[in-house]
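Read from first to last, the chains carry the letters A, B, C, D and E; within each, the first residue is number 1.
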Amino acid sequence: MARFLKNREQVKGRSPGSLIFVGTQKVDKVNIRLIDYDDHHLIDQELLDINDAAPYKTTEAVTWININGLHDEQSIGDAGRVFDLHPLVTEDILNTGQRPKIDDYDSYIFIVLKMIRFDRQTQMIVNEQLSIVLADTFVLTFQEQPGDVFEPVRERIRRHKSRIRVSGTDYLAFTLMDTVVENYISVIEHLGEKIEDLEEDILSGHDTAVMEKIHLFKREINYLRKSIRPAKEAVFQMAKLESSLIHDKTLPFLKDLEDLITHATEAIDTYRDLLTDQLNIYNSVVANKMNDIMKVLTIFAAIFIPLTFIAGIYGTNFEYLPELRYKYSYFIFWGVLIAIAGASLYYFKKKRWF
Amino acid sequence: MARFLKNREQVKGRSPGSLIFVGTQKVDKVNIRLIDYDDHHLIDQELLDINDAAPYKTTEAVTWININGLHDEQSIGDAGRVFDLHPLVTEDILNTGQRPKIDDYDSYIFIVLKMIRFDRQTQMIVNEQLSIVLADTFVLTFQEQPGDVFEPVRERIRRHKSRIRVSGTDYLAFTLMDTVVENYISVIEHLGEKIEDLEEDILSGHDTAVMEKIHLFKREINYLRKSIRPAKEAVFQMAKLESSLIHDKTLPFLKDLEDLITHATEAIDTYRDLLTDQLNIYNSVVANKMNDIMKVLTIFAAIFIPLTFIAGIYGTNFEYLPELRYKYSYFIFWGVLIAIAGASLYYFKKKRWF
Amino acid sequence: MARFLKNREQVKGRSPGSLIFVGTQKVDKVNIRLIDYDDHHLIDQELLDINDAAPYKTTEAVTWININGLHDEQSIGDAGRVFDLHPLVTEDILNTGQRPKIDDYDSYIFIVLKMIRFDRQTQMIVNEQLSIVLADTFVLTFQEQPGDVFEPVRERIRRHKSRIRVSGTDYLAFTLMDTVVENYISVIEHLGEKIEDLEEDILSGHDTAVMEKIHLFKREINYLRKSIRPAKEAVFQMAKLESSLIHDKTLPFLKDLEDLITHATEAIDTYRDLLTDQLNIYNSVVANKMNDIMKVLTIFAAIFIPLTFIAGIYGTNFEYLPELRYKYSYFIFWGVLIAIAGASLYYFKKKRWF
Amino acid sequence: MARFLKNREQVKGRSPGSLIFVGTQKVDKVNIRLIDYDDHHLIDQELLDINDAAPYKTTEAVTWININGLHDEQSIGDAGRVFDLHPLVTEDILNTGQRPKIDDYDSYIFIVLKMIRFDRQTQMIVNEQLSIVLADTFVLTFQEQPGDVFEPVRERIRRHKSRIRVSGTDYLAFTLMDTVVENYISVIEHLGEKIEDLEEDILSGHDTAVMEKIHLFKREINYLRKSIRPAKEAVFQMAKLESSLIHDKTLPFLKDLEDLITHATEAIDTYRDLLTDQLNIYNSVVANKMNDIMKVLTIFAAIFIPLTFIAGIYGTNFEYLPELRYKYSYFIFWGVLIAIAGASLYYFKKKRWF
Amino acid sequence: MARFLKNREQVKGRSPGSLIFVGTQKVDKVNIRLIDYDDHHLIDQELLDINDAAPYKTTEAVTWININGLHDEQSIGDAGRVFDLHPLVTEDILNTGQRPKIDDYDSYIFIVLKMIRFDRQTQMIVNEQLSIVLADTFVLTFQEQPGDVFEPVRERIRRHKSRIRVSGTDYLAFTLMDTVVENYISVIEHLGEKIEDLEEDILSGHDTAVMEKIHLFKREINYLRKSIRPAKEAVFQMAKLESSLIHDKTLPFLKDLEDLITHATEAIDTYRDLLTDQLNIYNSVVANKMNDIMKVLTIFAAIFIPLTFIAGIYGTNFEYLPELRYKYSYFIFWGVLIAIAGASLYYFKKKRWF
């Protein structure tokens, strides 16, 4: 399966707005969790049916409904109906090959992001689609599988008097997005450390796996980039939406989020450049090593080949070969050999070959 | 024939707006199919003459006329007259070397796209020009050859109560464009899988055809890019046209199409970068292999050339060569040879050459 | 002479607006041709003196005056006076090193383009400066040398009832520019075919002239690009001029021209990328061939050098060399040699060196 | 620790606006210095507690409070309260991994920059975060560690009648930013000289450490770039803020600062390009040296291998080998050897191999 | 001294607006020349003191004061006072490391450019800072050293009835800038010819200095680019200033200047690309030559090493070596050698190695 384009094939030819789950089923049962709060009260419970959430929809308090597991098209369809979502929105929620984006549907804002984390087991970067629907009185979030990434947010909600308890849905949505972006940063940092650790291996030139690692990291970086760059666009668009759903006092937080995600994309670009530089350096190291190998060969060959030739001369069986008869010939012969070898070595030394 | 510029030569010097078919005739007979529908009725029939379509032109119902085969300049000319098309439009329909674009002629919108598919037989990506004329009450489509790519759209039209049955011409045009873009995605995905499959061959470095494949895929990717990037421009322009032909409720669908085609162009760019990286990696692999080859050569040469020289010494025929007389000379001689070979091996081992 | 900057040296330090011909004289005599037409009449004649054109200047009919040969500064100066041109315009006409551009002087529009064609004799791409002055009732064109490139346009004018006969000066100017751009396309196509033909030579790696050809084509492509890109800018600017000289019904034709020249610049960029890819592939081919050469050398050396050494052992003249005495020594010796050679071959085979 | 992303991990999951010091503690004690001046008076003193600065907050005179050391979250929190700073501002001050930026909070402007200097001891470029809060009557600056970089500014303030004494807080903030940018320039200049000094080593091709140096300098340059480019954005944004805090007469100074920082970023880009060129040249030098090495090897081998072969012929022990018997054989043999060697040398000379 | 950043160190920590000369003193004495003209009169004289220019300041006639030599901070300070220049302007005039720019100070426009020329002696491109102050009735120019580059302008002023005599200060400033840009063109042309001359050396691959030349030219081109690109920005800004100092009839001339400097920057980019291509081609040439060298080595080795081995066999001293006894052994032996050599040659020929 091509990694950069997920499962589009499955929906080809269907009508836009059809509810078809596109992706791999990652969880057994759909899991719905409702948190309803304002500065006075807090309700935190699991729901069995999304229809049970209907009464919370129009209350003044902030209602956050998180749905884990997207394979149950029925539930997502129900959620769409209960919360009056456009068919394209429910389609996009189900289609996990969606590009990060933000769409303003007047009565609500629809945000798609990629949640990225490093899987310690496979040593791979995995991502998961997170859809957020931000309305006046509720926030819906849709994840592919349960995870404890939003647990710190819930902790903050549980704390009485926290800023989140006294703010609206927009601040909740910001907090969730902020959490996602903080995750980007730590994945990049993790990958970045590995990339920087390559340096030493590269300059020694011993490890031939270096090249494969560079290539692997480059792919990972490109993979991250593909998710984070459109997310950056979405974040910048959000601050410019002029939607009544986003209050003025949330704007500085969005601006801070812009800085954070810009930071992330710049770090990605920096590591991309670093990897390109590393490959160049590695190639230079390899070329240099080749020179060294050839020098060894050439020195050996240039010294011994002439010597062997001279020995060969006196190994001929000519009947009249005067030198063979003289008593000191053998020693003169050795002298000549040593002189030639010395001259060669001096020549290579002068050329700074060793 | 240069693949990137089609047949322009044929029209050089003709007046713009002249009706000349530019391309290769791909179908024997022009084939005209009319579908006329609203939520109450549905007419689906083949027409023998485009002039028979005239009565449907002004009815309220949505009329979709699809014409396969462009070599019959007469028919296209008739179509132009029946539906009041600008001479430049009919010229562009006939000229299959057209760049994807969108032109707003007030009473209708003219869209040119490339329909792209992977030909299983030739293992090549082929494209075909698709021209769409979107007017208030009718949609004209012109294809180079018949294909069943729009069959799912017809299926949807046949279904009573489908969204397409209750929507206008703009939604029909969107659906056709969406189908085309979905096709781009699956061609890119198909090519992408092949590109990703290259990885293994590259790192092994055995297959010398890798380079040719990289080169071939790069050309295919560039070829796709050349068709899809202007199509992306056209899609984005369409959403910004502020034409009365495009209704507000179709806009979210166009926005969705924008996301889809952005997705496609980003995937193309990702694969382009990947191919460039792959070529770099391949070059590094080749350089590394060269190092390995040279190491083998150098080790052999550095060990055996001095040994041969020493054997050569004792192969000389000097009359006074004292070592030859001693009884154990031969065994000492072997000892010296083995010591030299061992020292060389130790040296190369220490340099981590093997 | 630097090819990318023509003859600027000649005008250094002169006052802007001075009439100095900058370039190489390419024609003996200045040649002036006047065509005056509307839908009723057509005058087509050679003029001896540009001053004879003065009466046609203000008539309602479209007057097209084409001047071949720019070395006669007097004539151009006269033309400037007769048609009230700004001194900078006449200077630019004479300076053949001008960058393609469009300038709006309210009462007329001044357009500079490069006419590009492939010279079959020198196998080089040559270009020539074409200046167009578009006014309300006349169009002036200035070429460096006579050519039949505009003959098809004259043909169309001669045809009664052709669109050109019933249109204004703006349509004439468009037609001339369209002709020039069509010429770009065919030069690019011609060069493109040559570039695509290189492929085969590159992958075989035999032809060492490939590199020179790649380099040559790259220069040609860059040369084209230098002329066509500013021409594209000029075309796009023209459609946006909001000049009263350009009528609304000519706008679709200008838009068509924009598409055509965008097509041309995209084709140039595609071929540039292709050439870069080709050079990369060629370098890989060369590196691969080097590997093959070194493998042959290493296989020969690694097999025969040890064998020669062993032969050398038994060529020594030690008095006590026991093996020499045994009857089957020689055959055992051959056996050992063959075993060593076989082992080496097996080793290289296993490493897939051949 | 990844160098490009500092310590974000420490704050993950905390609420935005929480006061947590992110970084390494670089100084023992927080150090607070207050300078309060107008053209008549000057107060310059150390404060023990930031709360002591409260009375100066609203006076007409310019108050500059510089705080060194950020690890004491309590002090920074107090400063935030005393001067009414938004929680995000105090958070950003404490988080030393902040991206350079400028935020307008109406009643004050918050500026984050990186102070860059070359550490003579470690021979590394180090940076430190500088936060500036510019309000109507006061300027706050927060540094990670004490340094004398702002001493020249204090000198100027001490001088009676200096421009700074008669200007407002905006001019003071400009002066501080100007000092920081001047520091960028001198760090770039320092690094630039080292880069330019590499040239000679590269062209000689002797020093194998060249490659490592190029790589190191490239990282340093990228590191600088990562700090200075967003600083440039911030400076350009500042001039466009239309804040009442920035007076018209300060604008020419800001424009000058824009030029200076543009100068800095251009110098960085120039050195980046230079390093890329240097690596390319170095690779060419290495390839050329390889050619030289191979030429030596080939000349030796091509001359002596045939000679050794001929000597080997006459070292065979065939019983009937006629040449061995002739008296002058040995001398003819030498003649042939010399002739062959001469011919080889002549051939290589003609090919210009030496 | 880093070449790309001049002498900033000298002003670090000083107050902006301080008058400090930054650069190398290039002339002994400051030299002041005043030209005052309108269409009726012309005054052309040397001044000893800039204060003597004060009376001309407000007359209707155009006054051009050229000051050569910037080391005399006193004079420049006086000039600043006499002509009411902002302290930043005089600072920038003295600081010869200034980036080309244009600043509008309402009552005057301040322009900084680099005057570039090729020094025949050092064969280096040298540049010098030119500052222009354009006011309603006067133009001030400041050069680092005297040069006759503006002599042609003076010539034109001396000519009665020249356009310059009847135009205002804006036309004079344009003329000076035009002269500077014409100089850019001729320096680029000069360098370009040298670059194009490299081609032949590159394709022969003999001259190893080619690489150093490419590198040198690349630096020169980058150096030019660094001066000319900001100059281009300045020229384009000037035409958009909407300052009352620039009259409508000067605008076409400024537009012409825009074309000229765009021409210059495009030529620089073209040569940059050409140099990159040349280095690539050179590397290919070197790799190809390596292949040739290795082929020679391999052919020699592959032919003679096996032959030597065979000769070695018959040089062994085995007592029972049957072949040695046969009468025709020696001739058969030669036959085998020749057959093997011939087969090898045939093999290499078939592989098209020579």
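Just so it is clear, a residue touches a chain if its C-beta (ideal position, glycine included) is under 8 Å from a C-beta of that chain, and two chains touch if they have at least 3 such contacts.
Values in this document were obtained by computation on a predicted structure and should not be read as measured data.
Counting steps between touching chains, the shortest path from chain C to chain E takes 1. If each chain is reduced to the centroid of its CA atoms, chain A and chain E end up 42 Å from each other. The distance from the centre of chain A to the centre of chain D, each centre being the mean of the chain's C-alpha atoms, comes to 26 Å.
Residue positions of chain A touching 2 or more other chains, listed in rising order: 283, 287, 290, 294, 297, 301, 305, 308, 312, 315-317, 321. Taken as a contact graph, with one node per protein chain and an edge wherever two chains touch, the assembly forms a single closed ring in which every chain touches exactly two others.
Circular chain order, beginning with chain B and continuing to chain C, reads B, C, E, D, A (contacts as defined at the top). Taken together, the chain D residues at the contact with chain A in this complex read 1-5, 8-9, 11-17, 86, 88, 92, 97-99, 101, 103, 105, 206, 208, 211-212, 214-215, 218-219, 222, 226, 230, 279, 282-283, 286-287, 289-290, 293-294, 296-297, 300-301, 304-305, 307-308, 311-312, 314-317, 321, 323-325, 327-330, 333. The touching residues of chain D, counted against chain E in their complex, run 152, 156, 162-164, 175, 178-179, 182-183, 185-186, 188-189, 192-193, 196, 203, 252-253, 255-256, 259, 262-263, 266-267, 270-271, 273-274, 277, 280-281, 283-285, 287-288, 290-291, 294-295, 297-298, 301-302, 305-306, 308-309, 312-313, 315-322, 352-353.
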